[in-house]
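Multiple structures follow.
Consider the two complexes below, in which chain A is the common component and chain B and chain C are the respective partners.
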Partner chain A sequence: MSFIESDRGDRRGRRRDVYRSQLRVLSELCGCFFSVLFFVTPAAAQSAPAANSCLTCHTTQQDARLATPAALFAQQDVHRERGFACVDCHGGNPAATVKAQAHDAAKGYKGKPAGSQVIAACARCHSDAELMRRYAPKQRVDQAAEYATSTHGKRLASGDTNVATCASCHGAHGIRLVSDAKSPVFPTSVATTCASCHADATRMAGYKLPDGSPLPTHQLADYQTSVHYNALTKGNDLSAPTCNDCHGNHGAVPPGVGAIANVCGSCHAVFAEKFATSVHKQIFDKGCVECHSNHGVQRPSDAMLGVTGKGICQPCHTAEDKGDKGAAAAETMRTQFEQLKTAIEQSHALIARVKNAGIEVSDQELALREANTKLTLARTEMHAFEPALVAPIIKEGTTIVAGVDAAGQKGMGELKFRRGGLAISLGAILIVVVALALKVRHIDQRHRI
Partner chain B sequence: MTADFDRRAFLDGLLAVGFVSTAAAMAYPVARYLVPPVSGEPETASAVAARAAELKPNSGKVFKFGNRPGIVVRTAEGELRAFSAVCTHLDCTVQFKADTSQLWCACHNGTYDLGGNVVSGPPPRGLEKFAVNVRGDGADAEIVVSRQA
Partner chain C sequence: MLQKTIDWLDERVDLSEIRHFVAEKGVPVHTQKVWYYLGGMTLFLFGVQVATGILLLLYYRPSAAEAYESVQFIVTKVEFGWLIRNIHSWSANLLIALAFAHFFSVFLLKSYRKPRELTWLSGILLLFLMLGFGFSGYLLPWNELSFFATKVGTGSAGAVPVVGHFMLRLLRGGDDVTGATLSRFYGLHVAILPAMATALVAGHLLLVQRQGMSVPLSVEKKLKPGETLPQMPFFPNYIMRDVLAWYVLLAILAALAAFYPWELGSKADPFAVVPPGIRPEWYFLAVFYTLKLIPSHIMGFEGEQLGVVAFGIVAMVLVVVPFLDRKALKGERSPAFTVLAVLGLVYLVTFTIIGQYAK
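Now for the complex of A and B:
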């Protein structure tokens, strides 16, 4: 009995060992399979060999021009992180350990791409919709086509290798996603990236604007004084425009005559709409830029409207010319703005005094907000340069302020009444106290007698 | 005699100090009432925005939320949402646009979706969101809007 049981037990044990052994082999196979699936990316599987002698050799070079690209690529690089290797852009044989074999032209070695070769190298993947869908399905694939329409692209096609290519803005090694705050093309960095060439007077020498004047190099300095730069960098508003929002990025060109109002209007739609109906539409070649400048757009003020002081309607319009309808219209609208603005400020001060006295004024505060909205609407409407369109809005604002003023004056009356009542009651209390004191004194004197 | 005089003078002095202190304690509140200090007002935490019957599906109503405007919206699906109606661009009052089911600022054409997020135009950020609760039942139920903690 014990022998039989012992034999059965041995057989069960051997069977268990076999099962365990089979499971171990199976799990190792699965492990290998999933390792291959998850850690070997498609690009690596397609093109990159097991060893990358490019990095091994280049990172040990004394010449920084040879070592730095390899070091940057070995750190944070969006392409390396997705399995791409040096060979994907530069060609050659990364398995070779001898330079001559690694740089073998027969193996497709291209070396350092320059000029149009850079565009071709990037476009090989970035213009391939099927390939890009596997890595960044939302990314556009027309950058190279857009670039060909840009001033950079056209000049490159004409043989000017001084112009920007993909690597000039995105970098060649250590490339980061556009959404990476450290990327040179992240919104807060675009202006300085563009300025690395466009603020360089030596590099820009000889280039001209479409009108034939020399290409300026003060765009960055101007932009850094602008309301847009302020919103982007100090207001943390990443939607505020930088160079590429107006000029385009890959298809960068200066907005042409007639296109500026459309460009500005892509954000400032109402202004563009009003301006399109104005008499200035046909006259202003540069649209919005005529009054607001381009790179150095300042916060607009009412003082800009007019033909005196800081008014920018001069010198086209002058105060001396009494028959100048434009000057008269500007002065009329400016006066209306100032009147409403002053009325709102005075009303604010009145309501603040009443509120501070403990009287409820939230309705009036709300009404003053509405009056401010009317003032802003009137300023917007002004871009049609037609006083008759501005006047009704100003009138609505003035009516609101008048109502608030009346309530404010009523509040001040109430305050005076309360203070008067307090003075009377205090006076009465004082009289009673004095009278009581006199009475006590009188009674004391009677008792002494 | 001298001791009596000293005691009387001491009591008179004590009474005088007491009288002046009492007078000052009474006068100070009166003076502060007549010339009040500049003080802030606590923010409104909650307001009744509308009655249920006032808001049809795909409509909105601007209401008074303290001294600032708020806007309550009933979406086409019947959901209630409320936001500050102060445009984040230049403080104009936004309104509901039924044709696009969006919140719209007439001043500079800023538009927000019904989550308060900027859709287009110059506003730098979305509208402040408020919590919405319905108090009561039927058409007279109150739509109560509160500032979110």
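Now for the complex of A and C:
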């Protein structure tokens, strides 16, 4: 169908409108009757398909800009599935079959919302607690308020229409639930969704960090090398952080100075607690990021601790300065870690040998796991940067390993005993076999066999 | 001392018949007499199984909650418990290997021919019982491998047409492998199967003693009319050779137990994911692998069902081989049965090896 604006067409259209409105009244009456009859809720009644000339016309348009939104909305869209139609966001008259009537401003037609209109269009429902309770009672209704506090929201308010709005991340048509794996804001897709703008150097040109330096565009590339990205995409750990877990989603801002430890601490609580007691708490402007980086967080290793080799204490502390207490503390803790680590490895090898020989060592294996836990605890405690706090934990681990070693040596003794016993038994059996063979030969000769 | 005891017994229960039997019993001497030792060696291992099994019974607890821990206790805390358990496990495997060797030697030498049909019958049933011992005993340590292998094994029983589901429930004591299955397998392993095996072993031995050793057809054919084979006295010449073989077996068992201890693995967890590479014990591998190769459907029938039925038919045919082999019955060569035995042996060996390494 095409919009032909002629008088005849208008008259025919008006007649059809009258018939349709009469039919609608009739169907609503029937609907009410059946609602009362079967206790159908108003919300459910709303889901009955209504006349929608928007889709009828837009899906047949040659211009992809007009056809694609309708096609997407007609496929999988969380709003359409819950009974919403084009008119709920765009206004207009969906019953009209003529473009002029369908796009009638008097009927509230708004066309394509842009900039702050998008926020208003979404917020009309999503900030309405009473309405949202009917569809998603657990969902928050402060997204628009949060957005207003975000860098995106503030820039939009100041007239920058280049910034992200609701549709930039969630899409405008064909919107899926956040829990839908195909949604652009599903945890595994968030980083690429953010990067669609933030990795675009042209789009980001002109934006600056608080310190005045240009806004970088390599965050995604950095993030993709990180332990967090690895856990999320390869380990299928959907709780692993992506952009919005640190920056917030609707209220997205870069964590400010002093807030980074809190952000990391929301997951790494114990590390944050230890760090809060350390001398570095006062010195490190960027908290955890000073040592672990931000987007490209790598798997930490003991080698990071120290002022030699890959030690990252070096820029501030140096091995050459013998009076540097920080360097000495780092080296002391590193030495303790290495000692316990080596002891556990050696003990593991001993226990494996004993186990291979068939001697039960499950208690020792359990003890070694406990020793490993002590090593992990010591590494955690290290974030307070106080060797005196690390030493007792290392000592506990060393004591456990010593017990395992003793049991391992006992096992080796048992193995030696078994093999010795076997050698004696085999010797005895061999003597009997030889004696029997001689006897058989003797009696065979006697019987002339 | 021994003579005094024998005399004392002789005065009370006349031992003259036994004395006469011992003095008269002979074993034919020929080039293939080496196969005679297999039966005695299998019997020795059966004795080892009974002895070590009784010792294990003193500590083993047949429940899903305690079975694994009790075996762990046996191998770690009980004096020489590790030795007893390792010997029991290794001896079980050697016993089945020797039982198969004995079976094939008897089959190929046609020793089942008249008048030894009943000896064959009792021997075949004993072979099936030994496999039953292996299948039921494998689950008893209640470890991960045995649990899932039993699940697969009993699942195959469910494929038997008509009575499959009944058999599966009878074996498992329910729809799934649980503590109830363990109780059943324990009862089977330590009471039902031993009772049946003891009766059959006694019958088998009695028949062997009454009928004497069978002389292979090829040896018999070479004899001139009226010529007889030289005989070796059973006591002491043959029995000493048997004892010698048993000592060698004992040495092998001790070495295996000390150098290749039987793994206990981790405790069975019915809710765990099936670990990769689950397969039954080696003596069921050929059947297991064959069933795996059969397409899911053949001419409208379920492939596994057809496979199970085919193996059932093979087992029944084996039982009645002495009655089917008419030529052997008449003392003639029967190459068809020789070919069948060789093909069977090649199939078992090949499929066991492939089944072991197949993914």
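The definition used in the following text is that the second predicted complex is superposed on the first by the 369 of 449 C-alpha atoms of A that agree within 3 Å, B and C clash if a C-alpha of one lies under 4 Å from a C-alpha of the other, contacts with A are read in each partner's own complex, and residues count from 1 in each chain.
Quick note on the criterion: contacts are C-beta pairs under 8 Å (C-beta built on N, C-alpha and C of every residue); 3 or more make two chains touch, one makes a residue touch a chain.
The model shown is predicted, which means the values in this text are computed figures rather than measured ones.
J.: Now for A:L220: first (chain B), second (chain C), both, or neither, which partner does it touch?
T.: neither
J.: Of the partners chain B and chain C, which touch A:E370 in the superposed model: first, second, both, neither?
T.: First partner only, chain B.
J.: Per the contact definition in the header, classify A:A357: touching chain B only (first), chain C only (second), both, or neither.
T.: Once the two structures are laid over each other on A, A:A357 reaches both partners.
J.: In the three-chain superposition, say which chain, chain B or chain C, touches more residues of chain A.
T.: Comparing touch counts on chain A for chain B and chain C gives B.
J.: Figure out whether A:F271 sits in contact with chain B (first) or chain C (second), or with both, or with neither.
T.: After superposing on A, A:F271 lies in contact with chain B but is clear of chain C.
J.: Quick check on the superposed pair: does A:A240 touch chain B, chain C, both, or neither? Answer first, second, both or neither.
T.: first
J.: Taking the superposition as given, does A:V432 touch the first partner, chain B, the second, chain C, both, or neither?
T.: So A:V432 only meets chain C here.
J.: After the superposition on A, what does A:L422 contact: first (chain B), second (chain C), both or neither?
T.: both
J.: Name the contact category of A:D444: first (chain B only), second (chain C only), both, or neither.
T.: second
J.: Show which residues of chain A both chain B and chain C reach, each in its own complex.
T.: 357-358, 362, 419, 422, 426
J.: Quick check: in the complex, which residue numbers of chain B touch chain A?
T.: So the residues of chain B in touch with chain A come to 30, 33-34, 36, 38-39, 41, 64, 66-69, 86, 90-93, 106-109, 118, 120-122, 124-125.
J.: Which residues of chain A touch chain C once you look at their complex with the stated criterion?
T.: Against chain C, the touching part of chain A is residues 357-360, 362, 418-419, 421-422, 425-426, 429-430, 432-433, 436-437, 439-440, 443-444, 447, 449.
J.: Can you name the residues of chain A that touch chain B in the complex?
T.: Residues of chain A touching chain B: 231, 235, 237, 239-240, 267-271, 273, 355-358, 361-363, 365-366, 369-370, 372-373, 376-377, 380, 419, 422, 426.
J.: In their shared complex, at which residues does chain C touch chain A?
T.: Residue positions touching the partner: 29, 72, 75-76, 82-83, 86, 230, 232-233, 236-237, 240-241, 243-244, 247-248, 250-251, 254-255, 258-259, 261-264.
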